[in-house]
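The following blocks contain the structures, represented as structure tokens.
In the two complexes below, chain A is the common chain; its partner is chain B in one and chain C in the other.
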Partner chain A sequence: MAKGLFATYHPAVCMLFFLAAIGFSFSTQHPVYVVLSCVMSSAYLVYLRGWRPFLRTMGTCVPLVVFVGLLNSLFNAAGATILWQWGPFCVCVEGLCYGVAMGGMLTAVLLWFACYNEVMTEDKFTYLFGRRLPTVSLMVTMISRWTPRMVSRGRNIHDSQEALIGGYDQSRRGMLHRGVRMATVLVGLGMEDAIQTADSMSARGYGSATRTSYARFRWHARERVVLGVFCALIAASATLLATDAGAFTFYPLVSPVEPSWGYATYALMLGMPFWVELERLRIPWYSSSHGKQPLTRASVHGYE
Partner chain B sequence: MGRLARVMRIIQPVVLVALPVIMMLWAWLKLADAALVTSVCACAALVPFFVGFEKSRRRARNLMPIVVLTALAVAGRLVFAPVPAIKPIIAIVVMGGLCFGREEGFMVGALAMLVSNVFFGQGPWTPWQMFSMGLVGYLAGVLGNRGRLTQRWSVATFGALMALLYGFILDTWTIVGFVSNANATSVFATYAAGLANNVASAIGTVVFLIPIANTWPRIFKRIKVRYQI
Partner chain C sequence: MSEYVVEMRGYAFSYGSTGEDVLHDITFGLENGSFAVLCGTSGSGKSTLLRALKPELAVAGTSRGTVRVLGNDPYHLSSVESATRIGFVMQDPENRIVTDTVWHELAFGLESIGMDTQTMHRRVAETAHFFGIGSWFDRKTTDLSGGQKQLLNLAAIVVMQPAVLVLDEPTSQLDPIAAKGFFDVLERVNAELGITVLITEHRLEDVLPFADRVLFLGRDGTLAYNGNCDGFVRMLKKDDDGLYAALPAATRMSMLLERAGKGTGDRASYPVTVREGRSYLTSALTTISAQGGLGAEPHPAERTLPPSDVVLRAKDVWFRYDRKMPFVLRGVDFDLCAGRVAALVGGNGSGKSTLLLALAGIRRPDRGRIIKARNLHVALMTQNPKALFTRDRLVDDLLEWSDLGGYSLSNTNDMLERFGLEQLRMRHPYDLSGGETQKAALAKILLLGPDVLLLDEPTKGLDATAKAQVGAILTDLTLREDKAVLLTSHDLEFVSEVAHTCSMLFGHEITCTQDAHSFFLDNLFYSTPTARIARGILDGCVTTADLAASLGLG
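And then the complex of A and B:
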């Protein structure tokens, strides 16, 4: 279970938050909004996983971000302030700024996805989509179970063949031959096994009625309150961001950054995983609807 | 099969053509918010396939070939993770489409990318990878239904073309989504940067497909007869 109260919220709330965060980050290259999104996603990822994994995630993002940044700044002659020109290459200040902004936007999106991977675990995903798409979510679950089984069975086949045949042909050709034969064995074996599983499922009534789902997640007052506040923040950010982003251009000259209320609402919107922690203050009207239950389900299930 | 499933089956080929066209048009007209719009379009393009598959009410045992092939493709991507570009995944998706049909082929490709990205990291690329890999499986299924692609070499050639197509779609998405004022030089630079990777992937696919192109259909045929799938 991911750290913090936000991860204990209903999966629909978490999903909406990530959709909004990723969608908004994707939609603008306005420098202030890009910086805000980067800061908030970094803060949340550091909070969730610590500094070391955060730096590792950043490391994997760097090549893509640098590539996109260079692509935008090196081959773009739309700016007015030319720094350097050689044949088709024309570097201008505006292009560099755009490249940095685009790189920042991509970094923010990748960091939000890293947070998503941490918070939206597979059980939440199946909870959300399991009733709508029962067949597909069954398949995703089975694939996740079959993948490690394939790897371990492959190892068994490898070991037994080594014991039977002994010394191996270590050339590339020999290894490819063995690999292909192993895949062929795995496919045949896997299909027979999986079909027997399916027959056994059908015999136990799979597909005879609509699928039910064990609801571990419930709507409480806190979900309603937080969702209301968050939707208001989305609406405010969307309108303010649209005006700010409409007034800002990179080409031919980078326009100056004007102060706006949009920055505050945007930061508040992206800061949702942090401000839901206010619940720990035990505000009476807010936590009363939990009835006789302790304040959070997190403490009931011993997540912390 | 329900009516919705039939409608979805008609929409599917339209969507496969429409998404790349919309993507190109967006870049051509230099419209704003390309990154967001193309991502939303890619997610929308997956809907008719998933809903159509869901509503077709397949029996549990008919799902199993897809599950097993996808699991093998994911395992293959994991095992080959240290080797750059060369992955058995396209070869497996092509065989899936060829032997089990176009919708099944699409599901093998799309689910393989969805599930393997749990290990490799979900990102803005996930819907595009799902779409392109699904397209590979779908095209293989179309040709398989027509009784084409029975020869080992034709399957291998088809696989190589599909690997290039997959790389081409993803490279194009990079340009459309993340390059402003794309001109001939930046387009060329992007494709050139991806070229080595795409060619290696095509060669890898051929190497994987040649030994299995004749064996796997035989195995699947036997399983289909034996278990009456």
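And then the complex of A and C:
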């Protein structure tokens, strides 16, 4: 399990986690909360994908932070401490801070989405929404089957076309014409494929009864416990964060950062993918909270 | 309930409401657990007949007579019953897969009929185990090989626990090794699960050994034969209906000997497998030598190829699709000569298609060069020739490039006639059968007047008759018009009959190039069935024609 234990939890738990992480990250620009979210999401992404891919992702995020920060400070002149003024443009410390916080917030959200992609694979998503929206979820799986197929079809059409008439007309007009022709063939073949797939679906009873779902996930005692703890953390973080964020402003002067219990709660909430790993350590108080019961005659007989 | 699982009585079918009957008076019954092969030349209505068993797939038209599946009219079954009782496996596995992962594909049918999760898990697990899918259960369906895809299709049907399994040319898009694997599993489904099988297939060589029943659909749309394999071969001997070439090599050999009056009369049945063929040939030769030998000592003529100009040359070609991927071609040297058919054989993924793309100039080698004679026009036909067509009518489609290639309607008509496609000129290109599509694509390419033809798997999905036609056209092109042809194929028998030279690609390199006859004689098992039958008993035979020559039967 390269992705860690958290990825094996029930999709509903994973989904709730990412909804909370992304939602909270979006909701505040309080610098401490932004930094916490950035640190936690970075740590989790490194854990999931390793350093190299993480740095590559950051390579696209850092310019974003700089860009948003500069843009904000250029156009937002509400601050009190003026750094530099030129005509209508006025750069002040507060605006710069606000911009950096906003960039950090965006970075955190992007990183959480990157983690989401690693953990919430398509089958989990389909499982979560499949029973409610069977048609939509089937469409999602079918699209994800079709996309690579269309790409390889397109390559095949391109090759066979270039091999025959590519040499005749290298002008831009000729190439444009061939592009249009390729699209026509792709659509024609695609429809032909779709008819055959539809045949295969109806031959296997598609639409003959209410669809059920091949569920690959089950609720365990551990999921319930973890979910309970997590919900408590969400509630605590929400209250504390609201208070802290309410007391903090960027304009006209950046308010000082006060110590708060909210930071710890927030870190603990975002750190869920890490603390669920404690299970591996077989810590007695942690393991026993999983509802593990000694095997008794009664529970053995329960199988009958 | 009747004793038959599948039964048709006096069945007739016509397209539309007033059209002429394409199927007449079809009457047969299949007992529970039988393995039946439905054969007939292409266009004889095999698919139409099979589809009549499954209302969801039935061809639009008018039918008469009775059809019974498990004693019921299939049209009176509910759609859940129809889905679970009658399994239908179709051609083109690629398009039959609905979902993106293997496990979901297996579960798809069960989800559709609303099975509860507990039972579904159990069924899927059992089926995955039976088919040996366990190791690739979590894979994406896009990443599977063609053979795995068709196996998955079969498994996704068997998971519904049907009583009857109907298969319409399931292996036409597979290479021979994948096809063998598929048939082995199908045989297990029949033998171990007792599911009745009705299959159409043009690879009789692979499927006849399992079959306990053969149904033969004649050209006129009537059931010309209904009985066991032996009787079928005996019947074909009397009236050769274009299926001779589709028979197993061992059977063809025994028919050849028998026609010449030199068969071993003491045998009750015809040989089907290579092993049976070898023992048949040994005893036939004993009889012949007892009767005074072969007469004149026959010796197949030594084959030498006339020298010819190299028109296209690959020199130390290295190629990879991506910088991070391994090389697909490693130092390939290859010469293509005018006036010859060259064949490229080798396993899947050995780089055959890539070499063709490189020779056609579509992929630039990373190292090495492609050297082309001046003003040489090279044309490549990739796999899936459907990708060549854009218009609604075949004749319009063939005229698409008339400006580029400088040809006229009369050239097109001549070409259609040459390929025997003049009847189909108004058809939509997608409505052609596999063999017709292949021929139409070849016609379209030839209209451009290329000097070199590179053909990727031109025999894929063709029946014996269509294969013979394509072979004759290729021979004609090289001998009469001095064109150079390079083809890749998995069909060694076709290669041995058509190709002048043969090269084997293995491990991304060309391991040997020889004239085709010696190539197949020197190979021990990567060779034609006839060569494997005759090895050590009657040397120097690669094709049935060689065998006839060696035996002095002409």
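Heads up, the rule we're going with is that the second predicted complex is superposed on the first by the 272 of 304 C-alpha atoms of A that agree within 3 Å, B and C clash if a C-alpha of one lies under 4 Å from a C-alpha of the other, contacts with A are read in each partner's own complex, and residues count from 1 in each chain.
Convention: a residue touches a chain if its C-beta (ideal position, glycine included) is under 8 Å from a C-beta of that chain, and two chains touch if they have at least 3 such contacts.
All values reported here derive from a predicted model rather than from experimental measurement.
Peer 1: In the superposed model built on chain A, check whether chain B and chain C fit or clash.
Peer 2: fit
Peer 1: Put simply, what angle do chain B and chain C open at chain A, by C-alpha centres, to the nearest 10°?
Peer 2: Roughly 70 degrees separate the directions to chain B and chain C.
Peer 1: Which partner reaches more residues of chain A, chain B or chain C?
Peer 2: B
Peer 1: Which of the two partners, first being chain B and second being chain C, lies in contact with A:R56: first, second, both, or neither?
Peer 2: So A:R56 meets neither chain B nor chain C here.
Peer 1: With both complexes overlaid on chain A, does A:M150 touch chain B (first), chain C (second), both or neither?
Peer 2: In the superposed model, A:M150 contacts chain B only, not chain C.
Peer 1: Touch test for A:M139: chain B only (first), chain C only (second), both, or neither?
Peer 2: It touches chain B, and chain C stays clear.
Peer 1: Report for A:A163: first if it touches chain B alone, second if chain C alone, otherwise both or neither.
Peer 2: second
Peer 1: Of the two partner chains, chain B (first) and chain C (second), which one does A:V180 touch, if any: first, second, both, or neither?
Peer 2: first
Peer 1: After the superposition on A, what does A:R280 contact: first (chain B), second (chain C), both or neither?
Peer 2: neither
Peer 1: Could you say whether A:R211 touches chain B, chain C, both of them, or neither, answering first, second, both or neither?
Peer 2: second
Peer 1: Touch check for A:R224: first (chain B), second (chain C), both, or neither?
Peer 2: neither
Peer 1: Would you check which partner chain A:D123 touches, where first means chain B only, second means chain C only, and both and neither mean what they say?
Peer 2: In the superposition, A:D123 contacts chain C only.
Peer 1: On the overlay, how many Å separate the closest CA atoms of chain B and chain C?
Peer 2: Checking C-alpha atoms only, chain B sits 10 Å from chain C at its nearest point.
Peer 1: Overlap of the chain B and chain C footprints on chain A, residue-wise?
Peer 2: Overlap of chain B and chain C footprints on chain A: residues 122, 138, 142, 144, 149, 184, 188, 192, 197, 199, 201-202, 206-207.
Peer 1: Which residues of chain C touch chain A once you look at their complex with the stated criterion?
Peer 2: Going through chain C, the ones touching chain A are 54, 56-57, 78-80, 82-84, 88, 90, 92, 94-101, 103-104, 107-117, 120-121, 124, 141-142, 153, 156-157, 160, 357, 360-362, 377-390, 401, 404, 430, 445, 448, 454.
Peer 1: Considering only the defined contacts, which chain B positions touch chain A in the complex?
Peer 2: 33, 35-36, 39, 50-51, 53-54, 58-61, 63-72, 74-76, 78-79, 88, 107, 111, 114-115, 118, 121-124, 174, 178-181, 183, 185-186, 189-190, 193, 207-208, 211-212, 215-216, 219-220, 223, 227, 229
Peer 1: Under the definition above, what is the set of chain A residues touching chain C in their complex?
Peer 2: My answer: residues 122-123, 126, 138, 141-142, 144-145, 148-149, 153, 156-157, 159-169, 181, 184-185, 188-189, 192-193, 196-197, 199-216.
Peer 1: In their shared complex, at which residues does chain A touch chain B?
Peer 2: Checking each residue of chain A against chain B gives 22-23, 26-27, 60, 67-68, 71-72, 74-78, 88-89, 98, 102, 105-106, 109-110, 113-114, 116-117, 122, 133-136, 138-140, 142-144, 146-147, 149-151, 154, 176-177, 180, 183-184, 186-188, 190-192, 194-195, 197-199, 201-202, 206-207, 250-251.
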